[in-house]
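One chain, subunit A, links the two complexes that follow: it is found with subunit B in the first and with subunit C in the second.
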Partner chain A sequence: MNMIREWDWSTVIDAFPLIFKAMWITLGMTIACYAFALVFGLVWTFIRRVRIKPLQRLISFIMEFIRTTPPLVQLYFIYYAWPLVPYVGVTLDPITTSILGLGIHFSTYISEIYRSGIESVDKGQWEAATALNFSTRQKWTKIILPQAIPPTIPMLGNYLIIMFKEIPLTAAVGVGGMLLTAQKYGAKFYEYMEPLTLVALFFLLLSYPSSILVQKLEQKMNRRFDKKPGGSNNGKEVTAS
Partner chain B sequence: MAISGYLDILSVLSRGLYYTISILIVSAIIGYIIAFVAGFGRISRFSFIRRFTMIYVEFFRGTSLIVQLFWFYYVLPLPNFWAGTLAIGLNYGAYMSEIVRGSILAVPKGQTEASIALNMSNWQRMRLVILPQALRMMLPEFGNYLIQMVKATSLVSLIGLTDITYQAMVYRASNIPQSIEVFVILLIVYFLIALPLIALTRWLERMSSKGVARE
Partner chain C sequence: MEPIVKYEDVHKSFGDLEVLKGIDLNIAPAEKVALIGPSGSGKTTIIRLLMTLEKPTSGYIEVDGDPLWHKEVNGKLVPADEKHLREVRGKIGMVFQHFNLFPHMTILKNCTVAPINVLGMDKEEAEQRAVEMLEKVGLADKLEAYPSQLSGGQKQRVAMARALVMRPKVMLFDEVTSALDPELVGEVLEVIREIAEEGEMAMILVTHEMDFARDVADRVVFLDNGVIAEQGKPKDILENPQSERLQSFLERFRTSSSS
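== the complex of A and B ==
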């Protein structure tokens, strides 16, 4: 085992532009995976509302399975095994793999948030909407969703930050975000300390202010709605590695 | 594929099981210890301890687990077993310290007042009155984080620890046509490891709400 070398500023100056450039890839991947998770979360939520018991049970099981198995292995599965699946298998590039993999993994969490939002809407609101002869579509767009969505925004924000911190996982299938850039730089010059520390600092600088923002938002929402939606985790973050 | 093929894969994975389980146990122990140390640190009456633990917690929650793992492995550099367990332990310890802190603060104030009125020392108050009630709130959350930690152990394959994910990747590299089976079995093995922990968490949830007045 070798000792820690001394901190070298010239390496920092050398590696900074590379990592800064890779930061945009990491951010872009965050947005792409998150958008996919938001949409796919909706899909879960709606399938689970179909009133067929075996289907509901099957969907719950699949979601639980996705949630409790490592996203890293899910990425490997999509990247290495999916092309071999008969009929539907296609080879996917690292970026698509990551968007699908992390997107689907996180959609199972996002779906729970949607559900808690919908369940937090008072039952009387449904009844009132029915009494007022609203169509199903009107019920959702005019009564339920406007009340269900706002309280969930802080939690959704939390998951955006969590997603951001999971993006380095995509380096395992070769997406050139900050971590992979630092790793490559390290392997090339055998200087791991400065680039990896830079990556850590970038993560801290981007996620810490955002988490404070989300906390503020949560306090504001709690004041406004004076009740918390069902599964509120009170600003506690969970991770998903 | 013949049954023997599946058995082959299972026997290869079982070689990695030792590392997956030991990483899980060691990092969980580190994580829970850190959670209590940092959780109590956050509510310490000394401001420098509060500030110091807050910096620790924010630092480990703010930077990604996988970045921390690589940092411990490449920069310090620690042997991969300790890089893995320390990164997972310190990271989850930081998250769980918030649970410890939150649960202790969630014990109604009247309990503290009552124990002061009964002339209990600080230590007695914490040990006999506050902590037993706070633990009840913490345990289900601790269970949830344990399930998260099972998933996190797969990351150690990236720093060369021969856990089940690593073994699966090695096997796949020489048996490309069996890729689907390898990863499906690997996912099922992770699920089976998590299954008793899910049951444990549900049980803890039930136990912790037993005999407690609902407000």
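== the complex of A and C ==
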């Protein structure tokens, strides 16, 4: 078999519609996993705010465990090993496996971003809100979150792009995104060069403009939310005097 | 007359450090009380307990006849829940050393967000009241500005308007001029003086401004090492201190502020 051969445009044209179609699956998976991570990240964040020491330690340990284990191992575990676990084990389809696996994996990072956003709000803001007699719910919705969220948007955007690039991992459990489609095409016709190049190109075309967008967003946020506005006390704390 | 605020044997510790070692203090309605004392004496903690920003370790505090940190259930006092705290806390307002304005809201919104959401006032009425208070502190021309666009003195005046809009019965001032550049202190003190002259509201001022305390306060309370060491009329306290501790405090104060 001839291993070295010319670039073949007809293969490109042949493979393009298949890869293009699979792109929607990759994008759909990205959005599903990301949405799951955003919501689940919030769950981590709030559980960790409950002031019960053993619970906090347990949650930190679980999150650390999830973060330090490769997502591919987690996907394999959920797909192949989870169904064999007694009592709680269930068989999951590839799509659910991927959303759960990557969603939970990334939720630990997202939770960290939420936490940094919430902690960046000055303690004096909580105190002023208490002094004005807001309810706990109103403190969050009117005072804290409107200040905590905007600065985290660029970081959240970065994680969306990172997640998009991690979606090909789901090919390992059989989700037919761009990578798996290109792989199958290659296996069928012994033409790997063109379909894989197309996949790379699609990733580039989608993530590069997105990262520029995130950068712009970041600059905009920095301008709008420069760190010197009036309410802050520059991190100084007063407890007793 | 029944006091508006009552402290009975109030203690507060932060870890091993006992900051308040048994405070008994009554404040009459409309009375203006200045709290003075060296740093670490516990004067800020006294008002933070009243604003419910810190919880007393032991003791009893009453506001306008209601227990603050306790509530009555079948004639017995039990620790208060958040619902009870909200009911009583509504009678108290506070101005902070570092202003703590809401940076994401305009000046007007800073002053209306609480009346609308906490008191359930409609927007027009809240704005009308906010504008009235902002006029009082001389900032009615800054309604649409954001806190970051104001000077420190202006921020502090907005913070006062924001607290006044809630019409508290007791207003707490926590070293409100300490974070200001010296040339901006005067404008803030002037506004406090005007508020004090209107009369009906009780005021507790934690301050290092002795001349101001003498002008505005009905009573000066000297705290030292977690206890009330001496109290009385401003003139007596500041000009004729009895205890050695107060004498040396005022002495230190004179030398440090004149240098």
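Note that the second predicted complex is superposed on the first by the 223 of 241 C-alpha atoms of A that agree within 3 Å, B and C clash if a C-alpha of one lies under 4 Å from a C-alpha of the other, contacts with A are read in each partner's own complex, and residues count from 1 in each chain.
In the analysis below, a contact is a pair of C-beta atoms (placed from the backbone, for glycine too) under 8 Å apart; a residue touches a chain by one contact, two chains touch by 3 or more.
Quick caveat: nothing in here was measured; it's all calculated off a predicted structure.
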item: Which superposed partner A:116 touches (first subunit B, second subunit C, both, neither); value: neither
item: Which of subunit B and subunit C A:172 touches, first, second, both or neither; value: first
item: Contacts of A:45 with subunit B and subunit C, given as first, second, both or neither; value: neither
item: Which partner reaches more residues of subunit A (counting touched residues only), subunit B or subunit C; value: B
item: Which of subunit B and subunit C A:136 touches, first, second, both or neither; value: second
item: Which of subunit B and subunit C A:11 touches, first, second, both or neither; value: neither
item: Contacts of A:70 with subunit B and subunit C, given as first, second, both or neither; value: first
item: Which of subunit B and subunit C A:124 touches, first, second, both or neither; value: second
item: First, second, both or neither for A:197, with subunit B first and subunit C second; value: first
item: Subunit A positions touched by subunit B in one structure and by subunit C in the second; value: 234, 236, 238-241
item: Touching residues on subunit A, where the partner in the complex is subunit B; value: 1-2, 4, 64-65, 68-74, 76-77, 80-81, 84-85, 164-169, 171-172, 179, 182-183, 186, 192-193, 196-197, 199-201, 203-204, 207-208, 211, 234, 236-241
item: Subunit B residues within the subunit A interface of the complex; value: 58-59, 61-68, 70-71, 74-77, 79, 91-92, 95, 98-99, 102, 141, 144-145, 147-148, 150-155, 157-158, 165, 168-169, 172, 177, 179-180, 182-184, 186-187, 190-191, 194-195, 198
item: Contact footprint of subunit A on subunit C as seen in their complex; value: 14, 19, 39-45, 48, 51-54, 82, 86, 89-90, 92-94, 96-104, 113-114, 117-118, 146-148, 150, 155, 162-163, 166, 174-175, 179, 206
item: Residues of subunit A touching subunit C in the complex; value: 122, 124-125, 127-128, 130-136, 138, 142-143, 146-147, 226, 228-234, 236, 238-241
